[in-house]
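Given below, in the form of structure tokens, are the structures.
Each of the next two complexes has chain A plus one other chain: chain B in the first, chain C in the second.
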Partner chain A sequence: MSNALTFNEDQRDCLQEICNVAMGQAGDSLARLLNVFINLSVPYIRLIKAEEVHQELRSLINAPQVSAVRQAFYSPQGNQGLCGESIVIFSDASFQELAHLMAFEGRELDARAEQELLLDISNVLNGACLNGIAQQLEEQLGYSAPSLIGQHIPVEQILDKEKLTWEHALSIKIGYTLENHAFQCDMLMLMPGAAISHLMSVLDQFLEDF
Partner chain B sequence: MPIPLLICDDSKMARKQVQRSLPDGWDVEVTLATNGQEAMEAIRAGKGEMLFLDLTMPVMDGYQVLEAIQREGHKTLTIVISADIQPEAYSRVMALKALDFIKKPVDRVKLSEVLHKYGLV
Partner chain C sequence: MAAPAALSLLDRVIDRVDTGILIVDPEMRIQLWNQFMVTHSQRSAEEVLGKNLFDCFPELPQRWFERKLNGVLILKNQAFTSWQQRPFLFRFSHNRQVTGGVEHMYQDCTLTPIFDDAGEVAYVCISIKDVTEVGIYETRLKQALAQLEVASHTDGLTQLFNRSHWEERFRQEVARVQRYGGKVTLLMFDLDHFKKINDTWGHQAGDEVLRCVSSRLRRALRNVDVAGRYGGEEFCVFLPSTELAGGEYVAERIRKTMARTPVEHEGRSISISVSLGITEFRDPGQSHEQLIKEADAALYFAKENGRNRFACFQQLPR
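Up next, the complex of A and B:
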């Protein structure tokens, strides 16, 4: 059983703005990668309990099949600091749009190229978000190498192999629109209760400076 | 007479970050707006001789505000403060007659550099 931790509005707004700045950086990297202009939207953040994650995923991703990439992050302060696992999830339809933009001269992306693209883009998004949080809140973070959870799998299977103990997830909805292609993906940051408590106290300190 | 200064951003934290970065002793009267529509109302009421403007906002975004300012012929001096750091975002707002562009997160140093550049403080 998890204790219900909830952000107050100031904490949520603060974290959302931090992610907004991070997603601006990620958007710029993606724009350079894809050579297009990207219309950004403000990422929408919610803190949810572990029990609610499947329902949240179903409501976020209205698609039968998804692809997902995971990356663990940890703190030199150990379990008392920020730690958890960040998962980037694309609906197959959304990812096809993106793959379509990347494919040139009618050449279709083969499975291997698609996997590379998936890892590249997840890396940009994960890296920007985690670095953004770390830099702006002055926290130190280490990361593991990203790895593929699966391609074209049902949403329900994303968390099946999850070994980390986590009670909460930060759900971050990212929306980019590029050249008439709407592209959405979602990030879930799975975190133990202690890490969420730590994040809250860091946000409070950050807000106190104002 | 204090300068009517309008700060427009949908995030409370971002608005505070701008307020906190204002130069000490700068004689301004600050009005806050949480989206472009509120900003335009404030500008029409004479509360926006200067405007610090975010781009990505609900209801009415920063690009639309810049367009509306031109269309309605206001003399507002606009400095865009945005997380959108794509070179094209910069050229788009400059084409829409923004005075300058500051990358988020804003701080005292960045803001005062820009204000000094245009002799605004």
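Up next, the complex of A and C:
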């Protein structure tokens, strides 16, 4: 249907810089929220076609089992603005670390509390990163409630059940370091072609103003 | 005059929507309390406005809720709660008290920051959606799926496991002893002269015999033994952590309990007996299919040698 979208060099550099700044802000907010020193790595950004998503996921995540949460984001301009769905993927091992650090009130994590923690962390990460990006681009974003795609499932199952109607996905890989614990989770932002085109024009505008 | 009219329109809308809306300031003092909240909490706006949320509702999960609110205040970001993880925030009753089968209103909540002109979070708006209906339907769906799962494992006539499920369980058990060691003994048995029962007394009598055999079998087994209907009149049982000697003991008990009492059907007494074949797991190379073949061979031998008896594969003449 649509032509393959690709960022030009300027757009890519600009988006990378915006994401770096957003990550810095997100790390700062998360540290205040969780009361632990948190260091977010420089995000690794790639624009991929929807049909490459599985391959991309497999190459990104080196874990037999993962848990995944999705959340929609949208702009007041509807589907002409920045919009799409974000998927946050945790490898099960890294989730346990985070659960341990964030263990609410020292109580045991039962299945429901574990799910709630997954949803909360995803919401916080999505909000921190996306708001950071949107703010710099002078855009506004709203969010739907996050929902679980699955827990302890093979990577391939994350999107098998989802009918892919997005043409492109912006894949943003973020690594975290929490004090002595190092782990990673991945954010995948799936956007329809129109939203990516919008993002490109906003980046162009941003570059012009710069 | 235009401004107050517009305001009161907004107020009226807020009071008419089918969603709970309350607003708190960063000190948790209630600033807005809509009609939905009044109706369900039975606390008027005058009673709660300006007061601390947790003083008004000490039953709220304070620490958990503050953690959520902190996220909103610090990250300036929305936060959400879902009934699936936490059924409700406020303990409200719901409109399906008769037909619902649930005690409280299931709630999905959204916590949204409201900014002042300087871009700081001045208030947090909490909206509460009644999702009791969704919760009830999803709970029913889960029950239905659980029932379907049982049905897909069960033989309709005898209520024993059906062949495919029993075989899967046996395969897992054999895989377990192959890996971790241990014992498992397999019994297969067959009703003697079942065709004659069907031909003489009819298929309904035959069905009654099969049902009766199944219930006698169930009574003869321990909780851990796993029984299934393997085919028409053939049954299968595996005995976890049991040696051949234990298997022989169980086989003899089954043989006796079947032969001792005739089956009663429409005033007739139908005498029955069974022939059994036994084998035990011996070396890690054995597959579950092989064990089934061995038990079947022993069963065939028992039939050939007069029926109403059992035979062990390990003792068959070579």
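Heads up, the rule we're going with is that the second predicted complex is superposed on the first by the 195 of 210 C-alpha atoms of A that agree within 3 Å, B and C clash if a C-alpha of one lies under 4 Å from a C-alpha of the other, contacts with A are read in each partner's own complex, and residues count from 1 in each chain.
We adopt the following convention: a contact is a pair of C-beta atoms (placed from the backbone, for glycine too) under 8 Å apart; a residue touches a chain by one contact, two chains touch by 3 or more.
None of the values given here were measured: they were computed from a predicted structure.
Undergrad: Figure out whether A:21 sits in contact with chain B (first) or chain C (second), or with both, or with neither.
TA: first
Undergrad: Taking the superposition as given, does A:119 touch the first partner, chain B, the second, chain C, both, or neither?
TA: The answer is second: A:119 touches chain C but not chain B.
Undergrad: Could you say whether A:131 touches chain B, chain C, both of them, or neither, answering first, second, both or neither?
TA: In the superposition, A:131 touches chain C alone.
Undergrad: Tell me the contact category for A:38 with respect to chain B and chain C: first, second, both or neither.
TA: In the superposition, A:38 touches chain B alone.
Undergrad: Would you sort A:207 into first (chain B), second (chain C), both or neither based on which partner it touches?
TA: Only chain B; A:207 stays clear of chain C.
Undergrad: After lining up the shared chain so the two structures overlap, which partner does A:10 touch, if you call chain B first and chain C second: first, second, both or neither?
TA: First partner only.
Undergrad: Which partner does A:81 reach: the first (chain B), the second (chain C), both, or neither?
TA: Once the two structures are laid over each other on A, A:81 reaches no partner at all.
Undergrad: Touching residues of chain B toward chain A in the complex: what are they?
TA: So the residues of chain B in touch with chain A come to 10-14, 16-17, 20, 55-58, 82-86, 88-89, 104-105.
Undergrad: Mind pulling up the chain A residues that touch chain B in the complex?
TA: 10, 13-14, 16-17, 20-21, 23-25, 27-28, 31, 37-38, 40-42, 136, 207, 210
Undergrad: Taking the complex as given, what residues does chain C use to touch chain A?
TA: 63-64, 67-68, 70-71, 74-82, 84-86, 108, 110
Undergrad: Of all residues in chain A, which touch chain C in the complex?
TA: Chain A residues touching chain C: 29-30, 32-33, 104-105, 112-113, 115-116, 119-120, 123-124, 127-128, 131, 142-143, 145-147.
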